[in-house]
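To keep things simple, chains are lettered A, B, C and D as they appear, and every chain counts its residues starting from 1.
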Amino acid sequence: MLKILFFARIREELSCSGLELQWPGSRLDLYALQEQLCVEYGESWRNVLTQENMIRAVNQQVVTDNCELNDGDEIAFFPPVTGG
Amino acid sequence: MLKILFFARIREELSCSGLELQWPGSRLDLYALQEQLCVEYGESWRNVLTQENMIRAVNQQVVTDNCELNDGDEIAFFPPVTGG
Amino acid sequence: MAMLENSSVTVHEADFDVAGLQRGLLSGLSEEGAIATFTGYVRRANDDRRVSTLELEHYPGMTEGSIKAIIDQAADRWPLLAASAVHRVGRLSPGDQIVWVGVASAHREAAFSACEFIMDYLKTRAPFWKKELGPFGEIWVSVRQDDESRAARW
Amino acid sequence: MAMLENSSVTVHEADFDVAGLQRGLLSGLSEEGAIATFTGYVRRANDDRRVSTLELEHYPGMTEGSIKAIIDQAADRWPLLAASAVHRVGRLSPGDQIVWVGVASAHREAAFSACEFIMDYLKTRAPFWKKELGPFGEIWVSVRQDDESRAARW
């Protein structure tokens, strides 16, 4: 299983705070997962998830490139942070 | 009248927290005043007041050179500060 | 990487008490000569937008973990005795406290530097998002370029 | 030279309450986005001397005036909304609070910089003197070279 989370503006634009996907049982990397979401949920999701300043985290660590995923991973998509 | 103040280690070394002097009625500068104190109170005062890192203030402003004094001035001698 | 034992990171909706948080940094051993703190407040106006409410969202788990990691990084760079961070989430109003960071050290240089370092990272890396609500409607706050360049200087 | 209207400088023997002092920096207009504070404490040991009592002496009048001047200098350099400084004198014990400086501004950069600037000057220019008492007898604290070089960087 993969847990996928969306925060802030991204959450609002997708009208979705998160979803769970069955682990495909084969190799899967972050960009393939993103492409899978874009295909499954359509053009509006593609527009959001491919935004230039999108931040992606795997298991609560920000990743700046593609990376291999594993069963049980938590993947998050969010805009630049504005805390403090 | 001149008000003369001593603080901290200087106060202890002189056993004096301050004194008042009649205004001489003529011109007086800071170094002349200091020399007058050294003459009046002796060698022990000279040793203290001529210490290399002595700080002098006139009317609560630190001065690094000699300066003209005026009737009513407040002159202070103290060691380097160690607040905070 | 060093682990600072006396450190805590809290994210919650409730307000916080700066005096109590500051006392929490003291060990009772009187080794602390210096505590530097920072408190962030909701401003009434931002870029001339009049703000009536601020909504703060975060990524539970990652927030706490990333701030803890930042504090440990700070403890690697400066000789710290204690550090904590508190960040509020939910709906806040102008004048409300948002964030508090406090750092204790023997001397002030380390306390100041680490407090500023933690705040810079908290502003640019910790997963919090602010939305401003007001007469203008709703707007997600965007990144201050200034914040990015401040964080990059460390 | 600018005069910062919301500023105060106090020297007294009594302890102080950091939360109350911090609240005193807020105007009620919610323009403050940031407050940076510094609290100095009496340490139990200094250069391995075990300190049982600290005696703090100052130059009444000049102390307040020189700190006020430092705050006004800070307000010239950074956009400040309020600043205060409290310094204790008399006999203090390890763990006691000695000094508090707090600065309010719209943004954190100004608050941090001004707070540190005021503290650096307070350590090197304001007429306070510390005497340490302990098993070693009495000793007037001497100037930390470090403090001098920190003040010189501004």
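By our rule, a residue touches a chain if its C-beta (ideal position, glycine included) is under 8 Å from a C-beta of that chain, and two chains touch if they have at least 3 such contacts.
Note that the structure is predicted; figures quoted are calculated from it, not measured.
Trainee: State the chain with the largest centre-to-centre distance from chain D, centres being mean CA positions.
Mentor: For chain D, the chain whose C-alpha mean is farthest off is A.
Trainee: Roughly how far is chain A from chain C, going centre to centre by Cα mean, in whole Å?
Mentor: 27
Trainee: Just give me the whole-number Å value for how far the CA centre of chain C lies from that of chain D.
Mentor: Here the centre of chain D sits 23 Å away from the centre of chain C.
Trainee: What is the distance, in whole Å, between the centres of chain B and chain C, each centre taken as the mean of its C-alpha atoms?
Mentor: Taking the average C-alpha coordinate of chain B and of chain C, the gap between them is 49 Å.
Trainee: Between chain A and chain B, what distance separates the C-alpha centroids? Give it in angstrom.
Mentor: Each chain's C-alpha centroid was found; their separation is 74 Å.
Trainee: Quick check on chain A: which residues sit in contact with 2+ other chains?
Mentor: In chain A, 84 touch at least two other chains.
Trainee: Give the residues of chain D that touch two or more other chains, as numbers and ranges in rising order.
Mentor: If we look for residues of chain D contacting two or more partner chains, we find 40, 108, 119, 123.
Trainee: Applying that definition of touch, give me each pair of chains that meets it.
Mentor: Taking the chains two at a time, the touching pairs are A-C, B-D, C-D.
Trainee: Any idea which chain A residues touch chain C in the complex?
Mentor: The touching residues are 5, 7-9, 57, 60, 62, 76, 78-84.
Trainee: Which residues of chain C touch chain A in their complex?
Mentor: 40, 56-59, 61-62, 65-66, 87, 98-99, 119, 122-131, 140-143
Trainee: Using the touch definition up top, name the residues of chain D that touch chain C in the complex.
Mentor: 17-19, 22, 26, 28-45, 94-95, 106, 108-109, 111-112, 115-116, 119, 123, 146, 150
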